[in-house]
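Before any comments, here is the structure.
Chain naming follows the written order as A, B, C, D and E, and within any one chain the residues start at number 1.
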């Protein structure tokens, strides 16, 4: 398993380098200008000077190599320094955002908490809701519960978050003023009250996001459970005199979870990708919002870095999914 | 069934080896092989049925598939009807496919569930012949008649048939191109007792009618006894004994063959009360890591020291009977080469 | 009393990305920074200059501006302190100029310092700005939210190319304003607290300020007027009925004010046909086959009902206009001809121009159909305008193809993109523009021949229409030399008329005001469209 | 071989009939699918035939009648410019359904192709899975912007602005949403390859191309069907996001997504404006999904026979 | 075995129906039989004749839907297993009646260790602690002849060969010292050599533990070797029943006769052509009202298609057959007397 993991990691390196290059070329080719949001009253000569100051006009390969050096060498050094208090990275140019003139990693780290809280929690909640729904739907196949579950998850698929989000706000923030409509990223949780506040402000976005996760995962879970319920070992367990609970939750569940867990693992990158629309609607201003504003602002270093981190996560989660598969299913040994 | 004329063998297998490589480590280096088939040789005469028996996992299917070049074999030669198969390139191989066909173990799994019977049977026709729709349909009907399938079923799907009928579909497909040689890979193992007899009878009937040559793979010894002219017994990738049917069943020589035969229960309560089967202890060793010396040495009731050291030679008892066992080492006169199985006629 | 009113919360649906106005000219950045750093003088809600960090506005009369108009002398207030407690001196002012004028600094406001030759600091409170020639309007540098004073001590190391790397300073400038930054989360939220060293000991009334960014205008309006979560929402670009409905929420009130922002249709005087080679496409070498005819342009303008546009799109935040320069009053031409829609007149004009109705109702001339491509940036109101105008034009027999382009591409100057507003690969396009401060000289100066975007200039240039008129160019030159205010106004009006009323090169539609909203409990809000909108945050207080 | 009469009930006289009749027979037994088909057919009819019955132009502005609620003249009401919402719903439906179906088809085709090829040919597997990862990681928006920049004008010139945009949008959505399908299909193919009937086909000498078409493809149909039905929903919604970004159809061109998006600002004042497009999208997705369910069963002869 | 011992398991008129989309399948039709303590009852019949469904119905192991037990009683230890509560039934399953399933490859849960699966019934029924269960598990594995039992407890099913998995299944079934063991084709999927091992094992265990066994198989050879009594099933019904010698020496039902002839032998003269039973078993869409074998029977006559023959005692003690042709011992006694 270990060698499998290491081998996959090694194999991933060239893939990732290639991906980074392609992302770069794509972004470079894309139309748009980091100065687009500057007012029209700024004259062209001044714009040109601002552009020069950002180093926009050097040739593409120079910019790519610079980025690659910064990403693969300078930033790790900075991290190393930060952890061990050394100063290897002193004087080195980090990846700097064009919008903020600040190191992109600092901002990414700043954004991480709210994204993880909201999107991550939504994912967890979605998973936690989806699994029981899937299990019950499968166990009681074609019951009303199952039918309703199917219907609701279809709705979950077909209603875009820009609709469900606004609807939630109208219902639960305006008509029934239970929850805030705007997320406060500065809230520090240090006592019970602020914790309550945090819970309240997370409720709506988490609900919107969780609906989608639930819809998808519960279908998966149901299918997987149905598949396993027909296996012979279930009968064996019953013949041993096990209770239905044990049969279902010990024997069938663990087997059914194998494919589902990998699906869950594959969904993890999307947490870090943030939920662009939902974040926007509830002003969560997480990584998704960071990416989308960076794209609108043509902040190439930021977009490039985020997109690449995303690619790394995707590749990693693919690997994690495979490894998990191997861990959960003793029959599979990658050697 | 082979007539006592000087015809050469239809199928000539020499020192066939099929290793499945095991890759492991950081760079997937090649660290060993599963020696599924480890140097076997035999001949099959035209019109003859060679039975191939052995325990599960001993490499029977691999032999069958290697002969038809469904695997890229590791070593050895295969000659069918004078054509070299083992090394042929894909084009010439394709043109030789019609003369050799295969019937599979699991009639359910070997039929595409989304194709109708007619299209399954017609597939080889489409591949190798250029027939009009009518000619093709006529041929399909003819084949269905041969194997005893009602023509009305042509548009049905495999799952609508019973196991025996499905196996008939598989047989019809194998017959479509008028092959000379058919590998039957446990064609009856998945079938019910009463259906087994139907299929075996059909195979025999077709053999007579179409002058077919079979390699009949099975682990059901009583069925092999019924259908085969000669029988080869395999153990862990090697042939341990090959003999004509009657000789083999009357007087098995290799300890493994003896054990195998003694283990077959008879539907006769009186006999069964007294039968003392030779119960082999332990499991078959892994083909990835076969024991030193004789492969059977780990379970052999008659094991001697030499068995654990030296691989036994093949001893020829005449009449095509060969045994690879040290017990017969003093039968010096009968030593053959290191390759077992040639019919020396 | 300072800090007695607790917290005030502001929401901007565009989030500030940096707090240094010299590195970004974006409104969100400038206005958020205006709470922290301040200029020497500001414009008030009427557009007149008010002293801010100085005691009086220097003029020729009071001797602050030299008679030959080549220098201006500012005298700082006494006792001014930076938020870190150190005194504000003339050196800081001079440094500010050095900072922005340093080469490689990429200063967004360097146009403000155009013509500045040198700066002298005879004493700690006196700043003398010398120009390299007569400067009729010397109130650019250090005036308005775009050009605040920054602290020398903080930015000393950030000159030139290093400006980009001074993250700490750019994110938390030391200033003289009512608030200081406690935490800046770029593109998200700024938290501020009252400036201990603010010059008025009683202000600001709020101890802390939260400046939230992001989302959309509707959500911002909702947060102030319906849920009451925020106190102030900026620039509610929403349909008037939507705003009205929100105001019924009862938690807040919309406020509006007018500036110089004009939504207009620009006519392309050159041929954007994709069949032309890229070197000459949409350049002066190829006059527009349809729009070169002034009568067609005029007819298109006549067909538009500007009152309805206002009603639909802006409500109280807009008024119909026929002028490129709608304000200040002395510069605004009295041209109102266009305000009444005249479909019949437009038809007649087109007939006269030789465009006759074809079989399908679309006019044609010499086998060419009167078909126009009408582009704009993506924005709900603009798309409504497009739809309305398309309908009116179809009534006079003009077929219109609509196109909307993402704003970041449309306004992004990427010369490689075919969709920028400068490249103008369309027949007409619509957007809004304004000018800083109160003087339109530079604004009107944009329409001289040499400022037309073209391939040689990498498609840079503000003369989007490729308007070219010697008389106009001459008048622009004259304006730059004229100091007397009434004279200037006269020339400016003439220029305005030339490009709008006379030639219909630019077809102004709506003088767009600003609608913002504040909660009913927030007092002291004075909406200012000439400077930072939240210019007087120091005066804000909580209504008890 | 004899066939006992007792076995007969299974057998329909299948000789004269095309297998599509069997598919239909099975499809009919699936209540959900039948219901889905009826709804979908209704929607299709409404958006295609509807405009002939309800002849108000979807772009016609009747400014005096703006923001009207449901009336006889405007059964669904009008929007902020006084355009008839019923007419816009019908016109929008044509576009949305066309985009949904076509984009889904492209994405499913691509996904299936890549999934099958990478599952079937070991050597291409690594490469194609890398490509899948790449596409998953690519930021969608810049990709679309690049596509629009490079191709919009050429396509507009070749096919007219509307058709050009249609092609552009549909391919943009298609090429950015095939990855999931590819992964699933690849997994299925890897499993199928081990099945004995594939070996049987090889023993016949079937070349890879026909092997795929005849043996692999029909057997991966059901996961493909599932991704396809989900794909329609995503495509309709993505289109709305695109048109909002100005990457889509001309702004006066109604689509369900855009109608929904535009109406959200008016959610409180005129909730019905959100309701209609929302309902239309959901109903379409739902009905397509049920059709997909039914088709999957109907296309599977194993289930069909039961 | 003396006929007098009272049966430990008594099945009367069992009827099981599957409701499927294509209609009902009457898989088991009025099956009655009994099992005496210490006896080994062999059950034979071709595929689909309802052997497994019958046995699974006894313990209500069939998923419902689609399965439905329409009728009948299963008397075990004074209770009717078809009537008792789920809770009581669970106390019978695995502890008093052990079950070995047809396919050793899939009958074990692939993701739990052998040790865990073995310990499960021990802890549930015998209330053992973890440690006790472990000790007992090792004993059990040794009992079924798995070497190095202690170490192998930690292994997963896939690490065992088919024969060993079947032994593990046997160990699980034996775990709580059941009074009855139902073995559903325990050796069909295995090689002859392994089959021989398992048969030896069961013979040995039977001697040691003295439990009653029901052994289902297609293989008449196996039955001949180990069974005391044989029951032949066809189309969901018992067609013949009797002591093993009787059945093999003097089969009464044409189906039994045919079945015995289809099997080729490894010894003795070799037949030129195998006997076949032509045709196919019927599809059981409704409860039988006629002889289900009539279409394949060479002796079929009119009555066969009008009436369903009852299981009738024959002269030899304990031998019964359901055919109109059998030579009856006495006047036809109604079948209801007892199974």
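As a working rule, a contact is a pair of C-beta atoms (placed from the backbone, for glycine too) under 8 Å apart; a residue touches a chain by one contact, two chains touch by 3 or more.
Protein identities per chain, from UniProt: B = Oligopeptide/dipeptide ABC transporter; E = Oligopeptide/dipeptide ABC transporter, ATP-binding protein.
Being a predicted model, the structure only gives us computed values, none of them experimental.
Peer 1: By label order, what chains touch chain A and chain C together?
Peer 2: Shared contacts of chain A and chain C: D.
Peer 1: Looking only at C-beta pairs in contact, point me to the busier pair out of A-E and B-D.
Peer 2: Contact tally favours B-D.
Peer 1: Which integer distance in Å separates the CA centroid of chain B from that of chain C?
Peer 2: The mean C-alpha positions of chain B and chain C differ by 88 Å.
Peer 1: Could you give the separation in Å between the centres of chain C and chain E, each centre being the mean of its C-alpha atoms?
Peer 2: Measuring from centre to centre gives 90 Å for this pair.
Peer 1: Roughly how many whole angstrom separate the Cα centroids of chain C and chain D?
Peer 2: 45
Peer 1: Just the number, please: Cα centre separation of chain B and chain E in whole Å.
Peer 2: The mean C-alpha positions of chain B and chain E differ by 33 Å.
Peer 1: Mind pulling the chain B residues that touch 2 or more other chains?
Peer 2: 198
Peer 1: Residues of chain E that touch two or more other chains: which are they?
Peer 2: 278, 280
Peer 1: Any chance you could list the residues of chain D touching two or more other chains?
Peer 2: Chain D, residues with two or more chain partners: 3, 10, 145, 149, 264, 268, 305.
Peer 1: Sort out for me which residues of chain E touch chain B in the complex.
Peer 2: 46-48, 147, 161-164, 190-197, 199-200, 218-226, 244-245, 248-249, 258-260, 262-267, 270-271, 273-278, 280
Peer 1: Name, in rising order, each residue of chain C that touches chain A in their complex.
Peer 2: 11, 14-15, 17-18, 23-27, 104-111, 161, 163-167, 170-171, 183, 185-189, 191, 210, 212-216, 219, 222-223, 226-227, 229-230, 249, 406-414, 416-417, 419-420, 433-436, 442-443, 457, 460-462
Peer 1: So in the complex, which bits of chain B are touching chain E?
Peer 2: Counting only chain B, the residues touching chain E are 55-56, 162-164, 192-198, 200-201, 204, 219, 221-223, 225-226, 249, 259-273, 275, 277, 279-280, 282-284.
Peer 1: What residues on chain D touch chain C, complex-wise?
Peer 2: Residues in contact with chain C: 59-61, 63, 66-67, 80-81, 83, 145, 148-149, 152-153, 157, 161, 244-247, 250-252, 262, 264-266, 268-269.
Peer 1: Touching residues of chain D toward chain B in the complex: what are they?
Peer 2: Result: residues 1, 3, 10-11, 13-15, 17, 19, 195-197, 199-207, 210, 214-215, 218-219, 221, 299-302, 304-305 of chain D touch chain B.
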